[in-house]
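You will see chain A twice below: alongside chain B first, and alongside chain C after that.
And now, the complex of A and B:
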């Protein structure tokens, strides 16, 4: 195995990892602030992939452009979902929330299965197979676009939380829900906004992934697990941590599918997860310890 | 009668005892009235009642959320099947190493997690991770059949019997019923024991439990070992009932999820919860499959599961504590203090 091949694979892992990072960012925001475990996260990603596929199929809309309207749509869906359904579960036990979200996940993935069938759909972009030579490295164009897109969305989200009043209010909710309510913040609205933002992330990530992976209902549970692994490796509530852990997992998967076999790649991410849980349970960027 | 059993029955009032013995009696007489199809559904009901009870010990009693229980049933099934297919060791003997290895897996997970007080969602993810690692390992291990699966050959009817777990539906009906009753009695006995009270204390208030001098680490490990042992024995029976094992099926996350839905829908932490949950959910899934076929005229992939998922959301939205606590009050079977 040559050094340049490994280097190419690592770069590819970093690029894929940024998309993982954005997907996990959505989960981390919901998990860290609303304190609800979104076990339907991967299912939402697959739904976004199918919508991007349909927009491409019908309107020839590029998945990277479709990411914007899909993110907006998912924001609305998330907002309404939190208001109408999930809000009444915020104070309930973890396992109740879990069953609710698993029910939602089953509905979503089987809805996709009924409409689109079990076989993967392929969106054939004019630049699907383009790649660049950067020195000795070979880099896929679609992965670069997806990575840049993910990074832009992630930075926008970070800026929103740091720079806007609403973002600050949401962070206050995360720190101390009771105190936030006492100083007059509308926590229900802020939770709904947060859930919307979380789904917008996964909507954008899913849409962009359509250019890399063919949408298929059976992808969903693995994506939920992957997003979870990334969030816990990065550290609950740390947005930078989610991005960094996404890259770490992306590289670990890419390297292990090169060294062992592609079917073994999720073994690598679980190995990283177990190591982190044992050595640093609060995650790489988590607070306290 | 066994003294523990006697003591447990003694805790029930007359009405509860009648209802309990009536239910067991009806189930024992069941095969006289059920056709082959209904028998196959009841076999699954008993199986899910047993593994639901095992999971209930960990989550309902001790408060540790495991989402990877397919690991134990899968390991149990694979170990027993491999020992039978390769060495001719009968499943009743092979069940001992099968349960041993499953318990060892539970100890490793418990050791990793409970030493550092990893709980809640973190623990849940760790259990999923181990189940997934087992799936990938068995997928890639040719000696265990790999992704193509492991098959337990049928035995000529003349030699078939209980000792080799190769009989017909009637044998498996009573076998699974026995398993469900055994796990129920074991859970009842454990809950009434000192260990059971330690579990409840840990579930309710871990810090207070520690202050009382309870060895939390040891008690949690005991919960995972008991749970793994029952689940793996159920896995042995299930493997010989199905007579095939696929990693993508035996170690699938959805298997773990179906296992735990029964106790949650039925009533977490209650003894009857897993039983009621299995009695509701297993037939419900079958009815939905039959109903979509009847309505559409052919099988629609995903349709029955979609309805199942939606119903699950409705049940959990309207029944905060599961079905059994409310149902038992209505039937006059709740503990006296709650009536």
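And now, the complex of A and C:
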């Protein structure tokens, strides 16, 4: 195995991993704070991909630019969804939440199937097949753009939670909902904001992914599963953890493709998941206890 | 007739008795086993295809053939009613939908494009004694496990690969090319794995003028194939032999372009993916010059022309040239059922199956000899041809007697195509 080949594969793993991390950010935010597991995560991502595709098809809007309006739209959808529907399930049993979110997922994916059909749609970007030579390495342009996008979204989220009053209030809610309510925080509004933020992340991630993957309803369950793997490995609710775990899984998949067989990629990601669950059940960046 | 007077039989027939007898007769008729209802005027056939999920492009393509089949078979005087069912690209769904179709009155099943689903449906049909005609599915075990209620009108994986490799040799001979090396890249699903088995067994015996450097399995549902292409690039073969599905063929070409990897030929020794409409629409000029050695419609058959017309009427926005393999084999599966029903005069499962196994249909659409079945239920008379994408249209390039143009080899580079 040549050094160049290994280096190429690792670079691809890192870039793919950052995109995985971006996909998982929204799930991490929602679960970490609202404590509702969004089983419709992949379906929302696919919906965002289709909206990005339509914006490109109708207005020639680049998916990386479309990420902004789609994130704003998804923020609104998430806010309303939490206030109107999900909030009444927050204190209910996990299986009730599970059925609600899976039901939502089924509606979304079948809606996409009815509107767009089963075939993949393609946004033909002028640079979608571009690559750069870095010595002996060839680096895909769109994956680099998506990786940069992931980092920007993660930094913006971190800044929001660390530097703003609303972010601090949301973190207080995540730590102790009852205490937050006692000191006068409007927990229902804060949860709705958080769900909105989580869906905004999913919207941005989905839009940016349109440049890499063709939207197709059958992508959704795989995306949900991958996001779960990343979030559990990184630690529930940890944004840094989600990004780091995304990279870890991306590199593990890429290296396993090289050392074993490409068809063993999923085995590598689940092996990482099992290892983390055994050795550090709270995840790499999760809080213990 | 008075109550006390003499009467025939054991009971008098009053209104209450008549009502009771009528109800009993109706219930008995409804509850009777299918054999007593077998003298049907038309044959009800369930079309089980993956019209959603990751196999949907191919499933939809087959479905368009099923839509055309209903009209054409009716025109040809066959009494057939086709019921369309989606297997969702899921083996378990295929199994449950097969059960449901039979429960709802299907007297024969056709489908399902995919070997895993075909194996699941075969078990149901065997238990229920309902004929199952496989339109497209290549896993050898389908006709090796002694199923009595299954026939396959498609090549096995071994036949596809053997014929595909022979045609690769013919292509190189015809173009006077001497390529040195190849890599075999295949999906790791039931079909792809069966093709890998056939390749491992047949390549060493095929005496081809190039060396097989490696065989690489990949997950057709993977989000990209960048690592697979990186491995390919590091091996730098002249020929990439592929067994793809639909979306993964698109991903493969994209990653080859991104990584500036330009093999001299991309050839499928018998698989879909490279001729799906999605492939042409998504890749445009980059879809050109791919070659696939597969069974194809015989352009010189009168029935092919009739199917093409029925296809155009049923599916005005789709191209028969692109769908013809899937549509052709799907049509033929219904033709086999309808022809057997006409000869047997019954929809009773065992009798209909005996008629299907005795088929000898000379007028049909796919290349090769008449449709017949051997003792295992396999049609041994299906031929392969070499087809190349030229100006986004599948074009037959070998054998010379039915070719419409000469093959373009080596494949032009990715840049500068129009």
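Details
Rule of thumb we're sticking to: the second predicted complex is superposed on the first by the 279 of 289 C-alpha atoms of A that agree within 3 Å, B and C clash if a C-alpha of one lies under 4 Å from a C-alpha of the other, contacts with A are read in each partner's own complex, and residues count from 1 in each chain.
To be clear about the criterion, a residue touches a chain if its C-beta (ideal position, glycine included) is under 8 Å from a C-beta of that chain, and two chains touch if they have at least 3 such contacts.
Quantities reported herein were computed from a predicted structural model and do not represent experimental measurements.
Taken together in the superposed arrangement on chain A, chain B and chain C clash. Contact with chain C, but none with chain B, is seen for A:120 once the two complexes are overlaid on the shared chain. By the touch criterion defined above, A:266 reaches both chain B and chain C. Look at A:88: by the touch rule set out above, it reaches chain B but stays clear of chain C.
When both complexes are overlaid on chain A, the residue A:99 reaches chain B alone and has no touch with chain C.
Judged by the touch definition given at the top, the superposed model places A:107 against chain B, while chain C stays out of reach.
Shared-chain residue A:16: touches chain C; no touch with chain B.
Contacts of A:43 after superposition: neither chain B nor chain C is touched. Superposed model on chain A: among 43-51, 79-87, 115-123 or 367-375, the stretch of chain C in collision with chain B is 115-123, the rest showing no clash. In the superposition on the C-alpha atoms of chain A, the part of chain A touched by chain B in one complex and by chain C in the other spans residues 113, 117-118, 217, 261, 263, 266.
By the touch criterion given at the top, residues 51-54, 56-57, 59-60, 89, 188, 216-219, 221-228, 230-231, 234, 247, 250, 254, 257-260, 277-278, 281-282, 284 of chain C touch chain A in their complex. Those residues of chain B that touch chain A in the shared complex are 59, 65, 67, 112-113, 116-118, 120-122, 124-126, 128-130, 132-133, 136, 139-140, 253-254, 257, 260-261, 264-265, 268, 300-303, 305-306, 308-313, 316-317, 320.
The touching residues of chain A, counted against chain B in their complex, run 31, 37, 85, 88, 92, 94-96, 98-100, 102-107, 109-114, 117-118, 217, 221, 225, 228-229, 232, 261, 263-264, 266-267, 270, 273-274, 277-278, 281. Contacts from chain A toward chain C in the complex involve residues 2, 4-5, 8-9, 12-13, 16, 113, 117-120, 122, 124, 128-131, 138, 140, 143, 212-214, 216-219, 222, 253-254, 257-258, 261-263, 265-266.
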